[in-house]
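Each structure below appears as structure tokens.
Next, two complexes with chain A in common: one pairs it with chain B, the other with chain C.
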Partner chain A sequence: MSLAVRLALTLSQAALLAAVAPLVNGFIKVLKARFQRRVGPPLTQGYRDLAKLLVKENLHAAPTSALFRLAPAVSLTSAVLASATFPCVAFGGWAASGDVLTALYVLALGRFFTALAGLDAASAFGGLGSSRDVSIAALAEPVAVVAVLVLAAGVGGPPDGAVLAGVHGTVFTSWRLLAAIAFFLVVLAECARVPVDNPATHLELTMVHEAMLLEYSGREFAASTLAAQVKQTVLLALLAAVFLPDGLGASGDPGALALSAAAFAAKLFGLAALVAVVESSVAKLRLFRVPDFLGAAAGLAILAYVAREAL
Partner chain B sequence: MRGTLAHFALLLLLGYAALAFAAARAAPAVVVRLGAVVQVAALGLASVDAVRVLMTGAPQRVALPFTGPFAPVALRLDPLAAVFVCALALVGLAVALYAPAYLDRAGHRMSGPALQALLSLLEASILAVLLAEDLVGFFVAWEIMTGLATAVVLADGHRAEVKRAAILYLVVTHIGTFAALAGLLLLLGDAPSYSFDALRAAAASRTPLVYGIGICLALAGFGAKAGVVPLHIWLPEAHPVAPSHVSSLLSGVIIKVGIYAMVRTALDLAGPPPAWVGHLLLVVGLVSALLGVLYALAQHDLKRLLAFHSVENIGIILLGVGLGISAQHAGLPTVAALALAAGLFHVVNHAVFKGLLFLCAGSVHLGAHTHDLEEMGGLLRHMPSTGRAFLIGALAISALPPLNGFASEWLVLQGFVGATQGSPGLLRATAPLFAGGLALTGALAAACFVKAFAVAFLALPRSENALHAVEVGPMQRLAQNALALSCVGLGLAAPWVVPVLSRVGASLGAGRFTPIPQTGVLGGLGVGSVQPAVLAVAGLALGTALWVWLGRGMKARATGTWACGQGSVDGRAAYTASAFSNPIRRIFSNLYQFERATVPVAGAAPYFVMRSKTRGAISPLFEEHLYQPALRLLRWTSDRFAPWASPSPNRGLVVFAVVAALLLTWAAS
Partner chain C sequence: MDRLLSHALILLVAIAIYVLASRQLVRSIRAFAVQSYVLAAVALIAAPKSEHPHHLWLLAALTAGVKGVAVPLALLGAVRRLKIRHDIEFIVNIPSSLVMAAIGTLGAFQIASRTFGTGEEQLKGALGAGMATILVGLVVMLGRRKIITQIVGLLIMENGVILATLGLTLGMPLIVEIGVALDVLVAVQILAIFAYRISNELPRGEGPPP
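After this line comes the complex of A and B, so read on.
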């Protein structure tokens, strides 16, 4: 594939992932509503909310600085950039620079600025959100890294597109499943999902991620919200494409490409459904039980490595 | 004799010091400024040489025209020393720019000319340590460096805590020097001279046991200087009390000289290291990194926080070096070369961003008259330039792309991923633990710098001083911006810098490390790859477009912060540094052993407490469980010997004669 084609593939993947992010989030919301025997909002509600926010004015609390205006742009940029660092559908021809570990570091940049913005308005709620968010992230990050390491170890290559090439064609192994489960638990924590955080809460004291965005409104709030949704989609896509690459076409011809795109979409929404199931069946943990939850995830990741070494 | 530029740099610094002491009274302001010019010139010259040596890989050697007490004195600049000279030059240049304006306003007890002269001598002594070619020259320069470092720390020597810190520094580093000297002499054995070449030849023929004892003593001794856990206790005491531009040099460069000595010993002088040396460095590195960052999180004194982060980053450097040795034995030459290069790259990177952060801490102290984060707040409004520079330093130390801290830390992490492909053994079995530990360190560092930046520079002022803070002058801003720019530049240039640094490994000893070819990406060659420049350009384009669009066409409305309908908030509502780190302190409570006491402030009505004070502190684990027992043992032993040390000179002479006779008999046998 020529550089232009690869570049086009990379950019269209980033654009597509960003575009479907509100849909994925809406899908989880609808499923959750069905579990609660409600009809729920339409699937497109996420887009309508964003459209409404885009025509509203930005409100800036008096204590805030220039960083407060910068943070939404940085967090959305980091989420979109992260979505371009690994291939979701085709492999062997990737223009973007980076690998899965880079994706995690790029996402951390967005979190850094969001956490700073949470503290900028001198509100105790924002500080509470930032403090809890970085604490949870500090425990989630190592688990994600170990899970990626297991994957790379299993196929004997760097944790990037080559991993896909390596995993493709291998039989489904126990270590891959264990690593995928560990990473799924990390996704729940990173995306502020039950049992770590409750995205539907309206009580400031129980918020984590939402508390950081409490002072935002208008376009900036739209950007921050979209950033969180894109990040969620990117992490689910990472899980679908890199941890569970089954169903990917091996060649770059259009037929195989279409097939693997369909398989990827099915896995993405399947994982989103799993998030909804977990969210509907598990209670939120107390903040200081979260280390136990992420400790279990870390245990699974280590177990995956042991399984990979033993098998 | 032909001199080299590095050699002239030494002479310049020494000459200036002599002049400064002579002319300090006559024209102090001129002397201080002249010092900055001389330092810039000298370090500039030295860095030209260092870069040349790094690019060509050929060492430079100058034999001095006089003979030292044991051997002819020569200065030798090889690629390993050149890396550290580069770190010294980068930080030293910024410090030179920063110092004059800082000294005018900081009000230290020691005079400006004296501090400048000591600083020049200190930089000369660092150069001398790095350029030494024999054990005598090395240890003489090493001791002079330690003494000068203590002298500059004592710039406010009338204060009790400064005195205590300086004594602690002297004691710990001297025990370290003693251990290192003993270790190296053990390796040297009965070699004919004290030159490094003789040591290299002699060390190769030592038995594994002698080698083991010697290398452990040397690494522990030099490690005390570098501040590795558990020998770090002096570092968070001594670095914060020094003048801020000196703290930059102490934390940025001098502890790296300890790393230099460790690498020089383990990878060069003592011959090819066995695998266990690599494992040892890995374990020590991880413990230092994790404990350093966890202790940093609990601090609310800005300079102490930065000092603990130095312990963390020394740990990361050792992880890179240790992985280099271990991976070599696991049959992974590329991973080994990448890891060692990443460790050396982190030496330079940490020097740059830690130097920057300490300069910013000095500016904050000048502007807001405090080091206590809880008394800051909202400083970005009054000190925008310092705030921006601090933010870049914070992003770099948090290993966020595309800055320099990201490049080196990410590369070490990729090394651990690559280590899973090695031959079965300890490294392969423990690789996920080290990778996870390093990731935890990075994430905790990010948490700590969210805290440091936000509590100091964002939200509202928490004290009168913070409310009336003023920005520092143009030269100080220039120094900060230069280092901030270096953070960005080194991050973007990482794909090309790392292969150059990988030649250092190839130049050591018998060239056991293979140099990495220029591939145009960071990493690659079997581990993951990234091109930071592509990330930066794409991110900058998208981010700027978004940022412009988010604020375009609509005027933002100014409001108050949401305070649950209770009017407006003031600085007291914002999160403090202690509150921010509370969840992490609770999660890791086993480590901190946090002690808290709430005492009511006596008022008119004793049973109705109107005000109370809460004081909390983390218990110093190492002091309590390691140093106190060791001290008690020492006291106990010396008490047992007390009867021998009677004032009677006759008895003393008898003891002396017996010991001397025993030693001579042993030496003769």
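After this line comes the complex of A and C, so read on.
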């Protein structure tokens, strides 16, 4: 395959993941509503909210600086960029040679700017949210890195997304499953999901991620919201494509490609459904219990390493 | 079969770590019961490799019956009699004890593979998993304040010992296994009664002051 084709493939995947992100979020919302015996919003509600926000004007609090206006663009760009570092459907012709660690740290860049913007408005709640978000991130990051490195240890090279996804034949060994579970717990923490943060709450004292976005409005709020949704979809896609690469196609053959695209969609929405189940069955942890939760995830990741080496 | 075995071994260590990370006494007792069932399953998996498979069948039945049913019931009864409603009290907090357990697990597998890395083990990885379970059980014992939780830690260590002997020699002689199982049952009953007596005699709590 020529470079142009591979580049087109990579960019179209990034665009597609970004486009489908509000749908994934809407799917989780509808499923949660069904668990509570409510009808829930329509699946397209995310797109409608974004469309509404796009026609509204940006309002800025008096103390904000240029950083505040820059942050939504940075976080959205970083989330979209991260989605181009690993293949979701076919690992054959992949243009980007970025590894999965790059994806994690590009996402961390977006989080850094969001946290700064939360502080920039000089409101108490934004600062509270930023401080909590950064402390959770500091705990979640090492677990994610260990989980990725466990996978990379089998390849013997840098954790290149395409190479990792191509490692077949080891699927559903105990260590891969353990690493996937550890990464799933990290995804819950990173995406501000229930045991760590409640995405549906509007009670300022318990908010983490939403608190940082309180001062945003209009197009900037749309960008920030979309960035969070894209980040969630990228992390779920990473879990589906790299940690559980069953059904991922190797060749450029159209039939095989369609099959692996269907398998990927099924895995993505299956994981989203799992998020909804977890959110509906588990209570939010107190903030000071979050280290226990992520500590258990770290234990699983280290156990995955041991299982890979010894069993 | 090997894949099933490796799943079971990892599950054994993971349950021990779950007990370490859980805050509720009743949950950790139930987790111990589940761990005993998994241990029984490992004995069943190991049975075809042994010269006397029926010994291992008996071991599996003993493990499931005594440590999967009788001991947890005795402990749950003790919890009810002692009217323990609080969370577990910790001396070492959960993240630190998880770090200790992680280091212990890594070390256990390292030592096991260094010492018996050349295929002398009867079950691959069982010695390492057993030693890791023993160490995690030790951390459970060290980090908790209440007597019942320390009993749970002791029982987890005992499961680890059985697992390690399974890995090395496909189990101890049958008469020893039966003796150990009865010993554990009697010891748990005595400890449960002791805990009850102590809580009746002492003015505060169920254990000695820290």
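The definition used in the following text is that the second predicted complex is superposed on the first by the 298 of 311 C-alpha atoms of A that agree within 3 Å, B and C clash if a C-alpha of one lies under 4 Å from a C-alpha of the other, contacts with A are read in each partner's own complex, and residues count from 1 in each chain.
Rule of thumb we're sticking to: contacts are C-beta pairs under 8 Å (C-beta built on N, C-alpha and C of every residue); 3 or more make two chains touch, one makes a residue touch a chain.
Model, not experiment: these values are computed from the prediction.
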(request) Would you check which partner chain A:A15 touches, where first means chain B only, second means chain C only, and both and neither mean what they say? (result) neither
(request) With the two complexes superposed on chain A, say which partner A:A298 touches: chain B (first), chain C (second), both, or neither. (result) both
(message) Quick check for you: in the superposed arrangement, does A:S135 touch first (chain B), second (chain C), both or neither?
(response) first
(request) Quick one: name whichever of chain B and chain C touches more residues of chain A. (result) B
(message) By the touch definition at the top of the document, which applies to A:A310: first (chain B), second (chain C), both, or neither?
(response) second
(request) Please work out whether A:A51 is in contact with chain B alone, chain C alone, both, or neither, and reply first, second, both or neither. (result) neither
(message) Output check: A:S65 vs chain B and chain C. Expected answer is one of first, second, both, neither. What do you get?
(response) first
(request) Examine A:L178 and indicate which partner it touches, taking first as chain B and second as chain C; both and neither are also allowed. (result) second
(request) Starting from the residues of chain A touching chain B, keep only those that also touch chain C in the other complex, and list them. (result) 291, 298, 302, 305, 309
(request) Would you mind writing out the residues of chain A in touch with chain B in their complex? (result) 57-63, 65-67, 69-70, 72-74, 76-78, 80-81, 84, 96-102, 105-106, 108-109, 111-112, 115-116, 119-128, 130-132, 134-135, 137-146, 148-150, 152-153, 156-160, 204, 214-215, 218-220, 223, 287-288, 291, 298, 301-302, 305, 309
(request) Using the touch definition up top, name the residues of chain C that touch chain A in the complex. (result) 3, 6-7, 9-10, 13-14, 17-18, 21, 23, 94-95, 98-99, 101-102, 105-106, 109, 112-113, 124-125, 128-129, 132
(request) Please name which positions on chain B make contact with chain A in the complex. (result) 377-378, 380-381, 391, 395, 398-401, 406, 410, 413-414, 416-418, 420-421, 428-429, 431-433, 435-440, 442-444, 446-447, 449-450, 453-455, 457-460, 521, 523, 526-531, 534-535, 538-539, 542-544, 546-547, 549-551, 554-564, 568-571, 573-575, 579-584, 586-587
(request) Could you please specify the touching residues of chain A with respect to chain C in the complex? (result) 173-175, 178, 291-292, 295-296, 298-300, 302-303, 305-307, 309-311
